[in-house]
Amino acid sequence: MSSEATVGAVEGPQRTLGQFALRFRVSGVLAFLILLSAGFALLRPQFLIPENLSAILSNAAILMIVAAAQAVILITRNLDVSVGSIMGFAAYLTADFAARNPGVGPALVLMPLAIGGALGALNGLLVSYGKVSPLIATLGTMSVYRGLTYVYARGQEVTSNRLPRWMIELADARLSGVPILVLLAAAVVCLLAAFLRFYPLGRRMYAVGSNPEASAFFGLRTQRIVLLAYVVGGVMCGLAGFLYAARVGTVTVILASGWELTSLAAAVIGGVSVTGGSGNVIGAALGAVVLATIDNGLVLLGVPEFWRMFIQGVAIVAAATADVVIATRIRRSLRVRRRLVRSAA
Amino acid sequence: MSRRLPQWELTLVVFTLVAAAWSATLSPYYLSLDQILNSTRQFVYPGILAVGLAVVVVLGEIDISLASTLAFGAVLFSKFSAAAAPIWLAVPIVVAACAALGALNGVLVARLGLPSLAVTLGTMGAFRGLAFILGSETGYTSFDDSYLYVGSEELLGSLPISFVLFCGVALAVGVLMRRTVFGRRCYAVGLNKEASWAAGIDVAQLKIQAYALAGGLAGLAALVWIGQYGSARGDNADGAILLVVTAVVLGGVDINGGRGGILGVVLALFLLGTMRNGMGLANVAGPTQTIVLGALLIAGVLRPAIFRAVARVYRLMFPRLADAPN
Amino acid sequence: MQRRSALLSGAAAIFAFALAFSGAGAKDSGFKIMMTPKWTGFPYFEAAARGGKDAADELGDQFVYAGADHADVTLQVETLQNFLTQKPDAIVLAAIDLNAVAPVLKQARKQGIVVTTFDADAAADARDMFFNQMSYKQAAKTMLDCALMDAPEGEVAFVAASPTSPNHSAHIKYMKEYIQNDPKYQVFKVVDTQYANDEDAKSYDVAINLMQAHPNLKVIISSSAVSAPAGARAIDASGHAGKVFSTGFALPSAIKTYLEDGSEKCFALWNPYELGYLATYATHLKLAGKLDLKPGTTFKAGKAGEYTVGEGGEIVYGKPLMFTKDTVDKAGF
């Protein structure tokens, strides 16, 4: 659909324009974030103190990872509404395991990654090989995964005192003032962004999302690529679930329920197109920061709770509008450019 | 296309009958006309929302803000009731107001070209926020009896009026989709937006009308809500949209547009209702119900894939039998 | 002759016994009691259900526990409707929305079913009795007493589930009243009220944002048992331990670490197991005709002790438990 942001292996002026377009898409949400922050800062100067900014980022950290996961899947023209259930399942099983085996070390983190990957793979299999519509498939697995978590938990929750010390400390630790959670999230997002941009497999995901039929024509193994997208998304959700458990401490069965919509909102605000093929994970991560900024700013301003939902809803629509306006402008400028190039040739 | 549809609807009917039989074995209380009719109440307001959503989905779009529109409608009804306005005045105004909210969605999607999932994700929060702002903290409960009539009363002793309303709505919209120009255009646009536009259909106006219809139906669903639950508050129907979407997709309406119909949605609602009713009467644990319904959704849509896989195996095992006879 | 009269009087005695026991509603055991919580899977409600089951077992009744897996009004009403169809003798519930469940509960009462609420009430004319863990005023006072243990004076903020949750709103209303009028609590100043929807991540984030918005904040008081431990965690994680405190209602298992390491000083709750036991026991008594709901009546509910019926069918359980470093272990849940 929106092919202008597909990073193709084309040389010359179009390549720079492609890169420029990509950066432009991120700068849409970045501009939105800066405007928002400026607004809050003007009204409440304490918004800008480093401690507050750090608080916003650490509140956003885990959502950044989940939004990035959702973005990867959206880019392939699919979606995943089971992300919250994957997080919950991975987090609960891992926390319960850790509680029963007190001496377990950092290798524990492999467990939620594996669980998340497996659940994501199931989603991917349903969508790519079972040819089930992604909305239906993940609606179904959302219920199944959450239900399984319940059945496993049998009405118990895992309290923070039963989690390994190193896990809690990881969540609280700081590196020269910056919370480790934030650094971790940023690292994961950047790695993913690099993968999507510089690795052929990553670029193929954009291709599949832009035009699945054409991609299949060109010999791309679309089914495998979609499956991989879901697996990557699942692994990230597993990681996010683990970090959620470490951060909040008490692990309940309804952990992260509702995060499917929040991650979707973050991705949308971040310029990821729900029709596939464009946007990137950095934008989605910034979208998560926007949501956390709104929450923080509204508390600082003392805005009544009722208005918060309304403002967030308007912000999502505004972000989507801004994104489309920018995309249209890019498309128009590309068309002009292409005409110039062609006429010059 | 039309040959594929009855197959799905038929599957739903079979599934529903199986579910009913299974429910009868799970609990001795199930098999009673009174009970079954009474149990339909729970699915009336999601059903009306689902019918409206189906129209939008056939067009190739989606609307996840419908539950929020319902909440807004309910709170608006409470304002009318508090002002002692007669019901025949309140209903058209509230339905119109909700249709206006729907039209807003339509304008954002059709004229500004925004992706519908993103837009309705935003309006979902915005409309509910409006409902909260307009409503009161504790919720309004002193509704005049005339407001509660539709959602709470029965005809002939056991036929809930709300169920009758739902059947009427489903029939009307079903006819709209199959027999009118509007409906045919919706299918055309859902199948191929560009070709329809080239053929002279005002796609934007059609979308706005569809969204307005869905919004208006949400207002009607609000009337059922307040009668059934007797309270209007900003958090009404919070989370209901998942069930509504499930009903629409389970009903065979293609999420990409152009296929499926109201009949499928109605049958899907009956199936979901029967399963929930049967499991509820047997006091099956909530989580188990959730798993079963989720698995049902997946199994339902996997059916063609399973058939295909079975057919492939059959062809591999009996190649000669699979050849056409000469 | 004597044998015949003995036989006759024996038969008459048996006949008299049979008459006495076959009288309408003169059953005193074997009732079917059905309980539904706000949502299943939450240890608090699971404990109440265990209490209910034990009471029913003790009294020879049948006990069924069922419900949806998340707090959804529609699902709770559906559960209640399904309960109704199974013709129980009594329904015990913790209502998610006091008005939304009223229509179906009124229908139940019309059919002669005894309706009991616990933890969260339904509309007063939709139920026979309500077991309030403590009066809203008592709850407010308990939380403020805990706050006093944390800080002798200073700024406080409230965290509740949502502006539409009736018990949390009542708590906050009375806490504000006490802070304004009662000299003991006038040392506090209310600076904010935030809502976290009973979600732990949201509660954590809200606590962080509150500490940023109000640099002199001393205590975060949470009516929600989900928000209090999350708040404690947030305080710990952001390095504010010892400067800001979290208190309110919380399950002892969830806040034990914070009490033990000294970062928090006091939380409160009550025994949900006993609350469930009490509600079910009293329901049985009502079914057996042994409980009169006139205000002022006292009754004994098995091992839970003696209670007095208050106004409008409300019976206050009234046994707050304050958990400190020394007492948290004795809680046993």
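When the chains are written out, they are named A, B and C in that same order, and each has its own residue count from 1.
Everything that follows uses one rule, which is that a contact is a pair of C-beta atoms (placed from the backbone, for glycine too) under 8 Å apart; a residue touches a chain by one contact, two chains touch by 3 or more.
Since the model is a prediction, treat every value here as computed from it, not as a measurement.
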Path length in the contact graph (chain A to chain B, fewest steps): 1
Top-ranked pair of chains - ranking by C-beta pairs in contact: A-B
Approximate Å spacing (C-alpha centroids) for the pair chain A, chain B: 29
Centre-of-Cα separation between chain C and chain B, whole angstrom: 36
Computed distance of Cα centres, chain C from chain A, in Å: 39
Touching two or more other chains - residues of chain B: 132, 234, 285-287, 289-290
Per-residue overlap in chain C, given as positions that touch at least 2 other chains: 39-41, 69-70, 162-163
Residue list for chain A, restricted to those that touch at least two other chains: 146-147, 150, 305-306
Touch list for chain A against partner chain C, complex: 46, 49, 51-52, 55, 58-59, 62, 146-147, 150, 153, 155-157, 159-161, 171-172, 244, 247-250, 252-258, 292, 295-296, 299-300, 302, 305-306
Chain A-touching residues of chain C, taken from the complex the two chains share: 39-43, 46, 69-70, 162-163, 192, 194-195, 199-201, 204-206, 208-213, 215, 226, 229-230, 233, 236-238, 251, 253-254, 256-257, 260
Chain A partner contacts - residues on chain B that touch it in the complex: 108, 112-115, 117-119, 121-130, 132-133, 234, 242, 245-246, 249-250, 254-256, 285-291, 293-298, 301-302, 304-305
Footprint of chain B on chain A - complex, ascending: 79, 126, 129-133, 135-137, 139-144, 146-148, 150-151, 261, 264-265, 268, 273-275, 305-318, 320-321, 324, 328
Residues of chain B defined as touching chain C within the complex: 27, 29, 32, 35, 38-39, 41-42, 132, 137-139, 141, 152, 228-231, 233-240, 276-277, 280-281, 283-287, 289-290
